[in-house]
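Chain IDs A, B, C and D follow the sequence of writing; residue 1 opens each chain.
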């Protein structure tokens, strides 16, 4: 294992200390339990938005805490859902009297821990709604299984719900918006290499020098299929076809598109992927209204990328364009 | 070689097409010769700022084209200086009558090609000044050699000179500022893994599973020393000590600090490095006034990081804080 | 024998060692069909449990179980944190006020704890989860109880059935938890959570005899 | 023999093949002490040169050299682009108006081109650059000219001296170019630019005889 770290057990706390030192103007960090909170939280009268999940997906979620996006993030251990006491502390810290939305990625652990936290917070009088994000088309959806995973749509939901909360929407409206974003989003990822969980010390999976994994999860979970590395055009074609046909996205649709790096893929490749995606969608008559290209929801140092599309309407675009001021995403004013 | 690309020969053009599609509001891209130009260039009466260099360092330089930073960037082949005709075209495209500053990283190729371009542009009546950036303390400086390499300070110089040009400073003032930034900046990098030039198809260097390279260049050039991987604290200590003692930076100094990822190192590690740097500087009585943590000047998918410090004064901080609106860096307004 | 508070604590402390020794093994199993952390999670959880029991020793059986539960809930995260946490929390409600547990009380403790796992995780037999170890184990233990077996015999039957259940997860396609994302590809691998459950029961059978 | 326009073009086109065949070799040399692109650069440059000569065939020696120069300047980049580009640009000024080049004219062409390399790159002998191949090669060619050797003999002496100069770069510590960043560690490796120069002269010796 090659990482620039000290003790594997200290990675998260020491990285959080770096976040605290680098972004003291935007966020404050608490360590026991670990949460990253918007510096001016709780904002009175505003719906608080809390998300969280395993660490190792930076900048998500901590990098999205700030004006116009999250009020707090709960960083779990690497690839492990945070614990209910973190979520409860975050919920309390951001409760400005208008209730708190939990944005939860659909993983058994995340869902169960957030459920326990919501029970605890509600018992103490905070109004909590939870929305579960499940946008990954690589996974077969079914009533009888854990369902699809939550991936890239989480970033879009956090941005859009953050903007809605900022303009004063109430909890139900913000939660409904979150459900709307989720219902209209689809994602798929792929990997060229594995990642290595610091505490595990070894790559999560082995993959040949000429192989790639299509449909990979953001925790290095194996995907749909292992195959020989294909061209960018073919890779984007496979992923986009799966995404577009699932919702489905139709000719005439306008979308917010995210081309996301898994952590170890350079920007030059992500823009090349964006170019292929743009061409692919053009052929289908789908227009990209807004885009994000970069590392937003990563898997440590994994090489690979994911694509997320959200069917956009005027309301979503207006919220997308609203100002945001966080360590990892900022525009507007 | 594992990359998400089509033909290795098309990587740069296809990636540029992605940039053009993703950021049409900020930049326009020309292909023959290849340049990335601010969408509203030339800005009449404003000093134009052009930089450029080999590709593979994204977001530098193309990601820094836009209001408050570069007017144009010239992307060369991967790790190969761009050619004079690119630089000449960029210079012409951004000449708003107040002259053009070339910000050149100190590599033999870059310097010679920019020299030829300046000769060409001046012959056609554009006033050009060139400033060569050479901030890498890993390399021994000497009158009899090619001198130090230009690395991280380039990003800081582009931001600060861009702000100065935006507020209306004349060419000499902007160029002097660039020299001031360069004179007060020092950097050093390290790598855990090699990068692979797409056209070469193989890693530039071999490095053992337990080794790192200290003082690496941004083109995978070997560094000062190969050694066993050390802890983050030791790595940051070695790099920072070399940086701080070179200028030197003294107790009481205020700095702009950049912790930069080489492309394959996840953000969680970069923040951990920033934490170590902050601790190191605190002990020396040096204060970080501003910071950047992320991938700004990369070496394709290389795992590793670099540290850049710039001794700051009120003027530099004011220019640093001035608004910037580019694909890769944005704040203010 | 009957299980005292100290026997219970000895078991829990032994589990810390069990999960420490099996950290790599459980993590490897999880790498194949999950996210390569189950061993790390269990080890982190039980290390914290042991520290907490040492610094704040609870004085009776129910409070020991409750302390274990709260620590697991706080320190583990993931799927196994709430599942094992809820298990111990529920288990404690089955033994409130008891100073010693005979064979029937031990089985009832496990059974009540297990009902928490079901309620929290909503998995069924055959979903390729820890439920596939618990279900046959509880059936075997109840059967042994019915034929008046000793605590040792009851636990050994339970551990053996858990082991069988654990092995039987290999051909299954996962329906719950992270492994379910793999669909068909989850077949051919042993479920990590069923394995950690089996280790838990084996240790009880070894110590409480 | 004397070198005609067509002989010149044949040499340039042959160089395209030379650099194509030696692309990996030159790039490997550059990987050791540079940035692993010298072979790629030379191959890209001379491929473009060949295409340009084919689509816009210049009609005399000087304009052939100028066309090569402009293409290299535009297509190569890096250090070798301006260096070889300037070399051909200057070389063309030495042969303006000539229809054929005898031995003396060929050496004068190389010598004038070389002065451009010196002016552009400011390297000295011993700095571990292409200058270390050109300098002994020009000395050997001039010496051969003085003793009235044939063009073939002149070029063979030049190529041999370039090869020796190229090998002699191995122990040197680089003072110019990317390799200079390595300091002591640049010792023990052959300079890629000296190698591409040697290949250029070897091909001339082979063809112009």
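By our rule, a contact is a pair of C-beta atoms (placed from the backbone, for glycine too) under 8 Å apart; a residue touches a chain by one contact, two chains touch by 3 or more.
Being a predicted model, the structure only gives us computed values, none of them experimental.
Chemist: In this assembly, which chains make contact with subunit A and also with subunit B?
Modeler: Correct list: empty, since no chain touches both.
Chemist: Note down the smallest number of touching-chain steps it takes to go from subunit B to subunit C.
Modeler: Steps on the shortest route: 2.
Chemist: Could you state the distance in Å from the CA-based centre of subunit A to that of subunit D?
Modeler: 54
Chemist: Determine the centre-to-centre distance between subunit B and subunit D, using the mean Cα coordinates as centres, and give it in whole Å.
Modeler: The computed centroid separation for subunit B versus subunit D comes out at 32 Å.
Chemist: If you average the Cα atoms of subunit C and of subunit D to get two centres, how far apart are those centres in Å?
Modeler: Comparing mean C-alpha positions, subunit D is 75 Å from subunit C.
Chemist: What are all the touching pairs of chains?
Modeler: A-B, A-C, B-D
Chemist: Please name which positions on subunit C make contact with subunit A in the complex.
Modeler: 27, 31, 33-37, 40-41, 44, 73-83, 120-121, 174-178, 180-183, 185
Chemist: What residues on subunit B touch subunit A, complex-wise?
Modeler: 2-6, 11-12, 14-19, 21-22, 55-56, 58-59, 63, 192-193, 209-210, 212, 229, 231-233, 235, 263-276, 278, 288, 291, 293, 295, 298, 300-301, 303-305, 330-331, 333
Chemist: Contact residues on subunit B for subunit D in the complex?
Modeler: Contact set of subunit B toward subunit D: 33, 54, 76-85, 107-109, 112-113, 115-116, 136, 138-140, 144-146, 149, 197, 199-200, 204-205, 217, 219-222.
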